[in-house]
Each structure stands twice: as C-alpha cells, then as structure tokens.
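Below: one structure in structure tokens.
Which chain is which? They are A, B and C, in the order written, and residues in each are numbered from 1.
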Amino acid sequence: MIRDITLGQYYPGNSYVHKLDPRVKIMATLLYIVSLFVVDDFLGFAVAFVGLAVVIAVSKVPLKFILRGLKPVFLIISFTFIINMFMIKGEVLVSLGFLTITREGLRTAVFMAVRLVLLIIGSSLLTLTTKPISLTDGIEALLSPFKKIGLPAHELAMMMTIALRFIPTLLEETDKIMKAQQARGADFESGNIIRRAKALVPILVPLFISAFRIAQDLAMAMEARCYGGDIKRTRMNGMKLRSGDFVASAIFIVFIGLIILERIML
Amino acid sequence: MSIEVKGLTHIYSEGLPHESVALEDVNFKAEDGQLVGIIGHTGSGKSTLVQHLNGLLKPKTGSIIIGDTDITADGVIMRDIRRKIGLVFQYPEYQLFEETVAKDVAFGPNNLGLSQEETDERVKEAIELVGLDYDKVKNVSPFDLSGGQKRRVAIAGVIAMKPEILILDEPTAGLNPRAHADILNMVKNIHETERNIIFLVSHNMNDIARMSDKVIVMDCGKVAMEGPPAEVFLRENELRNMGLALPDSMEITMRLKRAGMDINSVCLTMDEAADEIAKVLKK
Amino acid sequence: MQDFIRIENLVFEYVKGEDNTSVRAIDDVSFVVEKGSFTAVIGQNGSGKSTLAKNINGLLTPTSGKVVVDGLDTSDHDNIWNIRQRVAMVFQNPDNQIVSSIVEDDVAFGPENLGVDPVEIRRRVDEALVGVEMYDFRKKAPHMLSGGQKQRIAIAGAVAMEPECIVFDEPTAMLDPRGRSEVLSVIRKLNRRGITVLLITHFMDEAAQADKIIVMDKGLKKIEGAPAEVFRKADELKALSLDVPPAVDLALKLRERNIDIPEGILTIDDMVDCLCR
C-alpha cells in the first residue's frame, strides 16, 4: 500500500531532465513555485502549464505515473475548491438556498485548484527525475553558504542520506516483527482504537530496539571508516555544471521572465 | 495428528511486472512424532513454505490439512491455526518486548484467551522446557539475558502455546558452538517431551542428518527430494547442483569411497563414519 | 617477518550501566601480528574477541597496556586517523555498516572521509568492487542484495581505504553457507595480495585456514599457535566450549578406535590422502 504512492518517488530514466545538475533542478522548482503565486490570470497559467508540459515531455516520465501522484492530494484540492467557491463574496452567479456562488469565488476557486495541481506536478517532477541521493547532495550544496551562520548543512544531508538508506531496512524489519507477533497470536486488525493502539506495543518496542541497535552499529562502522564530519571530506561524484545545465538555466530564466512580464504588462 | 500439504502454489506480486513464483505444486506429508528437516539454499522457498504452514501467507492454490481441518479453507479462525502450529522465526530474540521473561512468554497464551491459571502453568512449563530456571528468570528483563538465553525465552514464547506442530526456522543461526549444541539438545528435549511434529529448517547439514526422521529438499520453489536422511544425502550430485553440501561425515566417506575404499558411505554422524572406517581398516 | 601490530599486556575494562561495577573484558593479553599474515581469533561469545578487535583500530582504547599499529600507539589521540586508515574493519551485521543507498557511493565513503582526490576515489572504488566481484552491482541499492553480497560491499568499502590490515569481526556469522564461502574466498584473496588479515570467527574450518590462531576465553588468551598445534589440543578446546574442524574430529575418533592417524591433519583432503595411501 505504502509502495503505491508515487509522490516523492524516483522514476529511473536517462533523459535530458534526469541528467541536469540537481542544484539547477531544485532552484528551478523553487522559482517555478514562486511564479505560480505571482500569476493571476488565465494567460499566465497557460504559460506556466505549457512550460510544465514541455518539461514532462522531455523527461519521458509517463503522464499516467505523474497523475497517480495527484491521487492522495485530490481530496485537499477539491476541498479548497469548494471552500473558495462558496466563501468569497462578490457578484452572485447562482444561488442555492443559503449557498451562493459568485463570479469572484468561482474564479479564485479555479485558479487555486490549477495552482495546486501545477505546484504538485512541478515539485513531484523534481523527485521523479532526481535520485534521492543526488537531491540530498544538491540540498547540501545549496545550503552550504548558510554554514557561516551556523546551519549544519553537511550534517542535515548526512542524516537524509542515512534515512534514505535505512527506510527499506526498517520496513523489512517491521514486516518481520509483525509476522512474528502474529505467529504468537497477536491481532492488529480487530477491536476499538484503544485495543488497536495497545496491539502496537509488541511491534514498536522491538522496532525501537532494532533501530537503536542499527544506530549503534552504524556509528561504530562510520567511525571505523574515518568519518569525522565535514572536515577535509571530498566527494567522488563532485557536482559540476555542464553546458546542458547552462542552457536549461537560460531557457528557464527566459520562461520565468515571460511570466513576470505577462503579469506586469497585462 | 498429521499434516498434509497438497498442490501448494504461491506467487509474489501476481500481475505486476516483478511477479515471481515462490512455491510451485508443493506436496508432502508428515506424521505424528516425526522430526522433519527442511533444507534448500536461500531463496529456494523454505521461508515462504513455513509461513504458509502457519497461515501467515495464503496460497494461490492448494491446501494444508492438519488432522482433519483444512487451514487454507475460507472461514477458518486464525486463532485455531495458531493453537495447532507454532512458528519460531530466525533470530526470534528480536521479537521480545515485555518487561519480564514471564510476561513475554505469556503473550502467546494470553492471545489464545486461556485462563490466568492455565497461562501461568504453561509459562512455567515452557520456560523449564527450554532449559531455563523459572524461579531465577521469571522476573528478569529479557533484555538483560545473554544472546543464547534470549533465544530460549523467545522459543518458550511459542512453546507455551502448546502447538501440535512446531516449526523452527534456523534456530541456531549466529550462535557459537556451545550455544548451538545447547539449542539442538533443547529441540530434542522438546520433541521427546511433547511428542509433536517438528519442522527444523537449517543450513547445517550435520544437524539435519543427525536429528531428522525425514528430509525435505526445496529447490526453486519445488520439493526436489523427500525421504529419510540416509537416502537423501546419497544423492550427492543433485544436492551439489542445488548449491547444497553433505554432512561432514558423509563428505568424508563419499570421498573415501570414490578414492577406492570399500566402505558403507551412509554415515549420518562422525561417530558412525569413524566406526565404518575402523571396520574397513581392521579387515 | 616484520611485526605490524603489537599488543602488550592489554587490559580493557568497561563500566556496567546499572551498578557501576567495572567488568574486565580483556585481561592482560599480549601477541603480535606479522605484516601480511592471516591470524584467526576464536572464542565463545563474551570471550572478549570482539572487544579485542575494536581495540586494534582505536574504536576502543586500552585501560592499561598498549596496542601499537605500525609504530603508532592507539592511546595517543593524534594517531587515531592514521591508525584507522591503516587498519580497516568489517563488522558482523552486513546491513548495519552500509551508509549509502547506492553501492558505489558506499564504497567511496571511506576514501571521501580521508579527503582523497575524486579521480583517485573513482579508481579505488572500481578496483575494490572488481576485487570483490561486485562491479556489476555498483549502481544497485544495497537492500536488494543478498547477505553475502552486502558483506562483500562492506569489504570493498574497507579495501578502498587502501589499508595495510583488515580486521574482520565475525563477518560470516549471519550468512548462509553460500555467502560464507563467498566472503571467505574474498578474505583469502586479499591476504594473498599482501593485506594483513585478522579474522574473528567461531567457525573452526575458517580458523583452520589461518597462519596463526589465538584462542580467547573470558578475556584471557588461552592458546596461541599454528592451526595444527592448536587443534591438537582438542580436549582443551572442548573444555572452552569450542569445536575442532571435521577432519580433526574424525582423527580423534579414529585414534579412540586404535587407528593410528598422524598429527597435523586439518582438512578433509589431508584425511582422505592419509587413509587411502
């Protein structure tokens, strides 16, 4: 079940978008999100939409796969849509008893929904085309200027790397423990909420113990491999901007420029 | 009590691109009081098979008949299956969670809905059956025990459910020689006391040869061989092709035979091998 | 031959959490490990063998006595990084020592920490992965691999640091027979290439392949010698709850049956040769 969620998943590929430097992709995604909140009319959204469509086409990630990522947030989008539609006052279009739909309400509702959909697709495109580990490297590199004001950029990135590495291990461990307790007659599915919460104890206690054991072993292994934090550390795959990254950045800047221009001019 | 497995097939992730057949038409039978060894290299389907026997996995087709109940039938109550069949996983000490040994062992019996007196009695019996001193350990935290002792407590937790069929998945994994021998003696002791059917899954051919009445060899999700150890371990080439070894005693006698010694090569223990070699050399 | 590790009257004590009593895990142990040799340490759980391993590369430092690696004393904190680079370590649990979710990134972790130049890291990583026969898996996620494969990745991670010695702390204890033989053959290959090997194990057939065996019990060094010498003392080993390799076991049983078996038989090959001569 957990495996069905595509939001935040990586879709292996070898496209132009996949090969871009993670720093470029992270910055572009952030700017794109900001631009979505700058835009305020149909033409603007059309430009933002076309831009996204082009990136999707180039990335070769199947549209079906991307849309599946929208499923879990569909409820939130519908909810915002309805709230906006009914709550905003203005020129009345339809009146259903105490509920009224106004022109302004409808407009805001549609814009908000489109904005959310574009935002979610845009940001999931980042994770779909970037390996978690490169994403971590990208974040570390982008945050490193803030080290001067005491932000532990390297430590944060190392934590993310380790979390990524051990999520599958801990899921496997959970599965094993659940099965073992089920074999001892544990029942996780029936009873009221208190009973069910209580039934989790036989899973959580061994799981925590496992997690601590892993942490202890891993700390020892990292120390044995001369890990001493960020001092004098080098990277095998140092990130280097290539010509493709500059071209993409240039195109993207023009694109953002268009959106801003559209907003100012019209 | 007997157990019969008929036409058992299981497919992981059916319908998805990475689907794989884990069990294919598995058939075997085990009778009352038998100790059945299950061997096969990692990925041969052993773990999937034992999880079916306990009802943790549901087969695609086939049935598992215990006594006269088919546990794969619809409407079977899981609790009734667990009462009949106990499954001890690999590294079972990682499942311990209670504050005291006695409470942890009582987890299974409590889930079966037994009365307090009955539970207490079973807990005491089970702890003693695995070779621990009940009065000494009952109020101790299981996390303060040694590795071998923790494993015994975990096994006691399953034995306290008094299963008619007990499945032990690699009970000696990761133990040093002394603890290894102790656990095997404990298994023998449980078998003799409870007279139940025991399935022993192991990579250690010496243990399988010495302990089992019958051996089931799994390969690629199928039962590749079934029979008494003396027969199974004679099929050396087939076993090697499956990535399996012989017990040390037969490894030696088979090689002596090939080197020209006129010897009875069926020796399930090193003592038997020594006897046979002595017999030949003294002739 | 030149001594690479010198352990002199090593004592290691730790304080038990609850009652603050100190426990002596290693009690006055001395021995040397020669450069390029293969030494096995055997002993039952709690004999101090793992604690001993962690004292060698400064993960733990002696309560008293000395551990000197290639002339560097582990008690001197300034030596620690130099020592850890010379003596790499592989642990028991294959899962809990792999840091990255991509095989080759994990192998690069050690050299990255040492500040090695990126081009050189690439060369070392590729070479190490080829050495353990895992090069084809370099882009895979570790959790998709078998135990033996994961352990070979951990070994590649140690090799990429280009150490002179690798300490293996029960590397095969959690593996199936296939994984065990894969890992052991890699260990032997590394030793042939000149890496000093210290193997902590409770499998006697593994120990039988070493140049020297050290038997530990309750923190004390009980026996030290070549495998043939050590396994001759079968009674002593049994008293320490240890086994002997199968061929040695059979030799003992045959002697009990008044059959004359020469000393020094360690492997099944030796035994078959001897009986069929």
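Definition applied: contacts are C-beta pairs under 8 Å (C-beta built on N, C-alpha and C of every residue); 3 or more make two chains touch, one makes a residue touch a chain.
Fair warning: this is a prediction, and the values are worked out from it, not measured in the lab.
Viewed as a contact network, the protein chains are fully connected, with every chain touching every other. Of all chains, the one whose CA centroid is most distant from that of chain C is A.
The centroid of the Cα atoms in chain A and the matching centroid in chain C are 44 Å apart. If you average the Cα atoms of chain B and of chain C, the two centres end up 31 Å apart.
Here chain B touches chain A in the complex through residues 51, 54, 56, 78-79, 82, 86-89, 92, 94-97, 107-108, 111-112, 143, 157-158, 161, going by the rule given at the top.
Of all the residues in chain C, the ones that touch chain B in their complex are 44-46, 146-147, 173-174, 176-179, 202, 204, 241-243, 246-247, 249-250, 253-254, 256-259, 268, 271-272, 275-276.
Taken in their complex, chain C has these residues touching chain A: 54, 57, 59, 81, 84-85, 88-89, 91, 93, 95-102, 104-105, 108-118, 121-122, 125, 141-143, 154, 157-158, 161. Interface residues of chain A facing chain C in the complex, by the touch rule stated above, are 131-133, 161-162, 164-165, 168-169, 172, 213-214, 217-218, 220-228, 232-238. Those residues of chain A whose C-beta lies close enough to touch chain B in the complex are 176-177, 179-187, 201-202, 205-206, 209-210.
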